[in-house]
Amino acid sequence: DKRIALSNNYAGNSWRQAMLSTFQETADQAVADGIVAAADAYTTSENQPTEQAAQIQNMILQGYDAIVLNAASPTALNGAVKEACDAGLVVVSFDGIVTEPCAWRIAVDFAAMGKEEIDYLATRLPDGGNLLEIRGLAGVFVDDEISKGIHAGVAEHDKFDIVGSVHGDWAQDVAQKAVAGILPSLPEVVGVATQGGDGYGVAQAFAAAGRDTPLIVLGNRQDELKWWAEQRDANGYETLSLSIAPGVASLAFWVSQQILDGKEVPKDLTVPFLKITQADLDATLASTPEGSVANTVYTLEDAQAVIEAAE
Amino acid sequence: MSGTETGPVVVELTNAAKHFGPVRALDGVSLRVHPGDCVGLVGHNGAGKSTLVNLVNGALAPTGGSVTFPGGTDGVRAVFQELSLCPNLTVAENLRVSHPGLTGLRWRRAARAEIGASLDRVFPDHGIDVDAPVDTLSIAQRQMVEIAIGFAPRAGQARLVILDEPTSALDAGIAEQLLAHVRRFCAAGGAVIFISHMMGEIFSVANRIVVLKDGRSVAERPAAEFTRQGLVDAMGHVVTAAAAAAARAAPGEIVIEAEGLNARRGEIVGLSGLAGHGQAAALARIYLARTSGWRTAGPSRSKQTANAVFVAGDRGRDGVFPLWSILRNVSISVLGRDARAGVVNRRAERTLAEDWRRRIGIRTDNLDNPLLSLSGGNQQKVLFARALASDAEVVIMDDPMRGVDVGTKQDVYAMIRAEAAKGRTFLWYSTETEEVCQCDRVFVFRNGTISAELTGADITEEKILEASFEMQDALPQVVPA
Amino acid sequence: MNRYRILLPVVSLAVLLGLTFWMQPRAMSYFGVNLLFNLAVPIALATVAQMFIIMVNDIDLSIGAFVSLAACVTATWLNDAPLIGLLAMAALILAYAGMGAVIHALELPAIVVTLGMSFVWGGLALFLLPTPGGAAPEWLRAIMKVKPPLVPMAVVAALLIAGVTHLLVIRAGLGTVLRGVGGNPRALTRAGWNVMQLKALAYAGAGLFGVLAGMALVGLTTAADANIALRYTLLSIAGVILGGGEFTGGKVSPVGAVIGALTLTLAASFLSFMRLSPDWQIGAQGAILILVLTARLIFARRGETT
Amino acid sequence: MSLAGMTSKPWIWAWAAAALAFAATLVLTQGRGAGELAYAALSFGAFAAIVGLGQMLVITLGPGNVDLSIPATMTLAATLALKFMGSDPGTALPGLAIALAVGLGVGAANFALIFLLRLPPIIATLAASLIYQSLAIWSNRGLRIKPPTGLAEFATGRFLGLPNVAWVGLALALMVWVLLERSLWGRWLLASGQNLRAARLAGVPVEAVRAATYLAVAVFAALAGYLLASFSGGAALNMGAEYLLMSIAVVVIGGSSIAGGNSNVPGVWGAALFMFLVVSMLNSYGAAAGVRNVLTGTIIIAIVIAASSRRARI
């Protein structure tokens, strides 16, 4: 008899589409099982905090009991989130989290993710060398966090040097274009730290420029994994792929259901990112639909485990 | 230079010149205007009349000589050849634009009263709502508003009003009201510079006439010392005597039957009546109904679909392509005829344009010059050339002689008669009786419908006026177009 | 046509509001109406800003980026050092006026200059707030959260904006002259006005309302982000047109513009109350925009026949 | 041509700016990588040039005419074409046909809104683009399907040292140039753009011209989408996003008059190269996103000022 809504700010890439479908599957099952009365997904037409704030306000009016929120901005929705809390709604943010204290946060430690990329590169390239950093969308919190982690990693492993940094907007074609533009002015690049959704474009740009393919840390997209497998089969290419799993939406759904159920849940939860190593590659590739993103679907039990771990 | 008058001077031009690059628009003109003067300014198209107006108004600075105002520039007003109102504002709001002194919370009320009074004074029974946005008014009404703003007190007193072809959009009755007002205004000590291509108006108001020719003043005398013919001679035009000489073919079958009027092959049919009574709209409907926005006119299949071309009177709105050369402006309507496989035949295009430049006398040395380098009257000739160069059987003309000088008009009349004799049909709306009298048959419009059909000897100014007014004592009620 | 110009926006807002209340009766309350419309307040201000530009026959592709920048200034400087913040706001308004003057003096196409400026505003906003953050000044939050008796803040604000801009643009003499700039700039030159100054003034008006939009937005969201209002560019253009304005000829209606902004905001809410499938939620926004504007056709036909 | 004659051509400025950005990048690398950079600029410039040519035709129609549905059209055409091809070899041509058909459909729909419902083009194409976006989402939910190998090889390949996509872009530019300068249709378009009413009264089939123009821009966008998806290894829902402002920017930087009736084909290519090179230059110099945006905007305005003040003087 409780009703949950998903407030989503963007649907324009495969990660978000996978997230929406995971949420829908989980939610439909939960409704069928009678665990909740309704669970609906809403997406704004533009990736804008103003529109999402209005969407949240509408959810208050629609009488939802909880909002599962992937936010366009960590701060710009605080006004609307506060209104929702004041109206008695439970707000659980994930992926794009909000800073408003009344909301729950299911966060991925993006800075740690960035740092882990460099740590991995350091194990593979003990001699160090020049790195290229591919950033996401300027002005967005996730981009800044990952980039901070990457730079922290480079500070630690001082054999590395970031010789170029471009914004790929988490899109293959944008990343490909940006890299193609900066490559001619770069010395030899041994490694590329990416943010996800951009690795395949980077590889394409290196190939088009006739350069050796550097060690590119990938971001779990199926086309990246497929390219990785092809390279591995051809020349033994080895790398790491890591990103947040779109299935985190299902985790957020169960967390909100638990809160509505009266469970005491700490405000800050963390989920590990989904990491694919050389060993997992074939299995992951087999389970990922063509053109989509590697995924993990969370169950109620997973959610309870995450909650317990945080206490 | 008229050194005879004495007394105070409103404005004095001494050897004033204005050159636009190589073009000597005004080439050393001297002129003095005294209170009470009404100076008639005449000259062929491109003689420099409007340029002189712009020098006096301060819109242009002279490139040579001087323009001085011994009594200051207060009270010097100009009504320009092209309409200069803001169409999105109401009549009263347009007064505010010209009269920055209208301030305070109640400025609107004051503006309404002032423009209303001025309109009443110049055009009694004008019937214009001062709260109507200007774009809902007919062209004639807009011109009336502009004139009324020119004569309005505007926190002072008009001392010199320059009227640049003010009557070109007005019908005879309203033009007469204006002439009467100008006479009263001058009698009361105001000064007017009055520009017109209509000799009758000049003789009716001017006490002094200045003739411009190619940027120079070629004659300046009291009006009484000019004769009509003398004036035309001074302007340098040879009036083509060939007037009615062209043999008139007997009109053929009916090719147009629409809007309650009809026209036969080879006929020149006039549309007349007071300005703004639906003539222009009827013409536009006839033209649009016979042509399509989806395909070009092919060879006509039946008489009711005879091809039509349009000659615009409101050049800026309906006629010219301002970015283009004269050549491209002439050829646009006939390109489709000469094109092969969708490719423009540029040789045929140039041959045709050169041919028409000669035939219709467009004053330019190079057809590749921009169209806007031509004077207004010459631009109008380009529009005629565009229409006549086509194969269309029906030529629809919406007051096409606006601002065209006397000499050119005679040439065009002759050309129209010659084309009609070859079997073309003309539908010709005009505000000038002289032109209407060139027609074989005339339909008079009143309130959007046809009130009379006149033929042959019946086509006279009296008959037209009679049909234009509902009853003897009815007032000229002007209806928005 | 003039009377119909304002009738259409009013009717479409009323119909949409009726449908919304019918679908979601909960919205029919003090609280509900405020939730429906409070985010329309900054949009209305941005729409009025756009109207000032469209009024002089130009179009502003940078207003969204400009409002974002104003929001960033509000959440940082205005909050931390109010005096510097106010100076920065004044500088922004002056920059807008300068943009208008340059566009006029060099006869540049406004669409291009504002396109270029949108990059500039966006870049400055990124300087100021490389990551989302900042905080709204307390007083600003208090203003945006005020609860007047009987009528919610959002409605009071909309009425206020509409009333003030109507006075400025339609009733005042200078506003009338500014509309004249859109109607026929040549007539103004001939009447002795300095059109460059007038255009600068119109742009300054846009800058002022853009700054107000940024402040109102931060008052509601409590924090800013460099991309916060990019969407306002297209929304504001749509709002002006929806409100009966036209792209050329100085034909604008401030009351209509505010109503247009409210209508656009309401349309989005109405769609989410319809609970469409996520696939079609985006497309439905386009469909409703087309639907509302199609009503213009009917009114335009009516206008023609009178 | 004399120097004065050269500078009177507004497209010179776009090319000069592109050359300057190119040179500035090479200063940094001391001349290394010139070929690479030029090659990349031609590849990526081609997409901007193709959509820019379409946008230019629309903008030539006169004030208020602009197509804001270009990104959605690119996405929809690419999504449907790639879904149909499904990486199967030998499907490239039917896939192209599907993309072009989508372009025709979108153009027809846009024009129907403009013509039948008399919506202002800005609003009509904006609203319609949201619908196209929904269609793209609905049709394959953002899955990124790889193009057939042969097609991908064509899109990323080269011929006589130039990228194949640049050849396509150059061929289209030549076609548009001939159309505008030599054909009847071009004359009609230019006339309609200067004064629609006068064009109609001069016997120009203005509705047909407008319809053809809106069809053309959509077909160009569809083609660009198809090529871009093949080039970058699949269609993405957000693939067209940056081409909205880009398509307008290349038209105006290229020297076409935003007031209509005047267009400039070489300028579009110059501006397309410039837009790529300036970002590359700023990236190479390590400019942060904020600086990059401010400089890009300033340079755009500077070019427009240079081009226009020159024109005024002549």
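Residue numbering begins at 1 within each chain, and the chains themselves are lettered A, B, C and D in the order written.
Note that in this section contacts are C-beta pairs under 8 Å (C-beta built on N, C-alpha and C of every residue); 3 or more make two chains touch, one makes a residue touch a chain.
Listed by chain with UniProt protein names: B = Ribose import ATP-binding protein RbsA; C = Ribose transport system permease protein RbsC; D = Autoinducer 2 import system permease protein LsrD.
Everything numeric in this text was worked out from a predicted model, so none of it was measured.
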Chain D and chain B - chains in contact with each: C
Of B-C and A-C, whichever chain pair has more C-beta contact pairs: A-C
Chain whose Cα centroid lies at the greatest distance from that of chain C: B
Computed distance of Cα centres, chain C from chain B, in Å: 43
Intercentroid distance (Cα basis), chain C paired with chain A, Å: 34
Averaged-CA centre spacing for the pair chain D and chain C, given as whole angstrom: 29
Intercentroid distance (Cα basis), chain B paired with chain A, Å: 71
Of all residues in chain A, the ones touching two or more other chains: 11, 45, 138-139
Contacts with 2+ other chains: residues of chain C: 125-126, 130, 281-282, 285
Set of chain D residues in contact with two or more other chains: 130, 133, 137, 141, 257, 289-290
Full enumeration of touching chain pairs: A-C, A-D, B-C, B-D, C-D
Residue ranges of chain A touching chain D (in the complex, touch as defined): 11-14, 16-17, 21, 45, 138-139, 164-167, 169, 171-174, 176-178, 180-186, 200-201, 204, 208-210, 221-223, 226, 289-292
Parts of chain D lying in touch with chain A, wherever the complex brings them together: 25, 28-29, 32-34, 36-37, 39-41, 43-44, 130, 133, 137, 140-146, 156, 228, 231-234, 236-239, 241-242, 276-277, 279-280, 283-284, 286, 289-290
Chain C-touching residues of chain B, taken from the complex the two chains share: 57, 59, 78, 80, 84-89, 93-94, 96-98, 100, 102-103, 107-108, 133, 135-136
Of chain C, residues touching chain A in the complex: 24, 26-27, 32, 35-36, 38-39, 42-43, 125-126, 129-134, 217, 220-232, 265, 268-269, 272-273, 275, 278, 281-282, 285
Chain C residues within the chain B interface of the complex: 1-2, 171, 173, 176-177, 179-180, 182-184, 186-193, 249-251
